[in-house]
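Take a look at the structures below.
Across the two complexes that follow, chain A remains constant while its partner is chain B and subsequently chain C.
Let's look at the complex of A and B:
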């Protein structure tokens, strides 16, 4: 079990202090930044990835 | 009882109002307009589904209690399910609200759909906050001692004392969940009542659409 924990901790350190990015007075944790980037990526994917089962007809309104 | 008497009953009037506003075909329709066939429309239901997991795991935590979620591995696991379903819930809710913002989905008398969404979002933030201070660990101690000055500065501390674990726990497991569920219910009934907002008109005059 201890080996699994130390492996996990090396891959994803959850017990050490978080990392922060700072630019003047703007400060954000890397974790929060990653989540925001993932949300934006998901939003764009939701608009462009075709929805399964949607009939595409050429030359007219769907 | 005569029919006019029946017509005057508040129960009769109430039922008629409800069934004309939301007949069953409108409440649970068989088909949707073709533009709904897009991933962006999935995020409302994704928010709803993750909320159900949040509430289900929260009920297990409530039944078993803090000692269990701190000390047993199954308790840790359910605690993690609760936390991570909250993460998914907020993630889906934000993508959902971005989608509705760029569609201007408040058009056509749908202001209340949007506004119930806004209030649900705020209620969810408050629910999450009372959850963080209800963990009963060093993290919740840190958060509550940091938050108390901010809340005291608003004058709210007299009624909403973040250092009072019992009070925060009650807000988290009773009052806020009721508020969030009722608001979500209203939100979804309003979506069904108003129907899905149509897309913007294509104003590019003379353009031949492929």
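Let's look at the complex of A and C:
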């Protein structure tokens, strides 16, 4: 397990000092910004990606 | 006369097609996928695991800061000593405008900084006759005498040498001994144990050591280094590069902007709480607020989600645009 932690810590150094973005009075960590961008991307994907099984329904399954 | 259709309140009768929909299947898939993601990511990345900060660490790293803070706890000038409710009655505590809400709730976590952080722990030290005598002298002294000793000690210059706190002050009675012994006690770890004792064998109540730590300079500097202070959006941050509580952005944002950060700063906790309660009530009442409740209809995002339905309806020459809305929930 320690080896796995070391491997992923090398890929994503989560325990090293945090990186922050400052713009006027707004301050946000890069990690939080990535999570927020992923949430927005998921929301947009939920809006525009077709529902699974839509084609099957279109074929007269209703 | 027919009642006028109100688009934000009335639901139009659904005349479209119905589709089969297995909500149990979708719920189960979502649960399994999210569970696998949570467990998998936890195994791969773990979580921040910094050891808890202790009084022993503090008094070892910065003994003078520790002893200076201990003096402020003894003479009642520390932040906690003057905070007011819920710890003591030294002030009215947090207010919302003219309303002393903390005072109304009362002192329900009583903390006497002089007794709890300095004098009581010193009484637990065994085999220090001079200290026992000093505590007896202190206990028998008048308040005027105690104040005179404390003032005299504060006028001196504190330093740390040969493992002990020393001070250039004269005429400070037993106060120099208290500071020296308390710092030595803290450096052994005994003060940590003493301040969390009395809460059962397995305790999670670290209120007293945490309050003591918060009054010094060392602990806030550690928090500031990790971007965890209130004026650094600390509420939504996490240690290192781990993502934190991003959903608390609105709560912590108020602390960064005037007047919460300026004229309301002394009561910012209560004012931010009150602001968030007002916003929460507004959110709960959203369906009843004219204009705001119409935003989904104006933005027409629902037409994007249900675009296939509206395309099919348009092809069949269906619903009137003025009465259209999202289709009814499909039957399972």
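Here is the rule we use: the second predicted complex is superposed on the first by the 47 of 62 C-alpha atoms of A that agree within 3 Å, B and C clash if a C-alpha of one lies under 4 Å from a C-alpha of the other, contacts with A are read in each partner's own complex, and residues count from 1 in each chain.
We adopt the following convention: contacts are C-beta pairs under 8 Å (C-beta built on N, C-alpha and C of every residue); 3 or more make two chains touch, one makes a residue touch a chain.
The structure displayed is predicted, hence computed values, not measured ones.
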Which of chain B and chain C A:29 touches, first, second, both or neither: second
Dominant toucher of chain A (residue count), chain B or chain C: C
Chain B versus chain C as contact partner of A:47, first or second or both or neither: both
Touched partner set for A:16, first chain B, second chain C, both or neither: second
Overlap of the chain B and chain C footprints on chain A, listed as residue numbers: 35, 39, 47, 54, 61-62
Complex contact set, residues of chain B against chain A: 34-35, 37-40, 42-43, 87, 91, 94-95, 98-99, 209-210
Chain A to chain C touching residues, read off their complex: 4-5, 8, 12-20, 25-32, 34-36, 39, 47-48, 50, 54, 57, 61-62
In the complex, chain C residues that touch chain A: 17-20, 43-46, 48, 226-227, 232-233, 236-244, 246, 256-257, 301, 304-305, 308
Residues of chain A touching chain B in the complex: 35, 38-39, 42-43, 45-47, 49, 51, 53-55, 58-59, 61-62
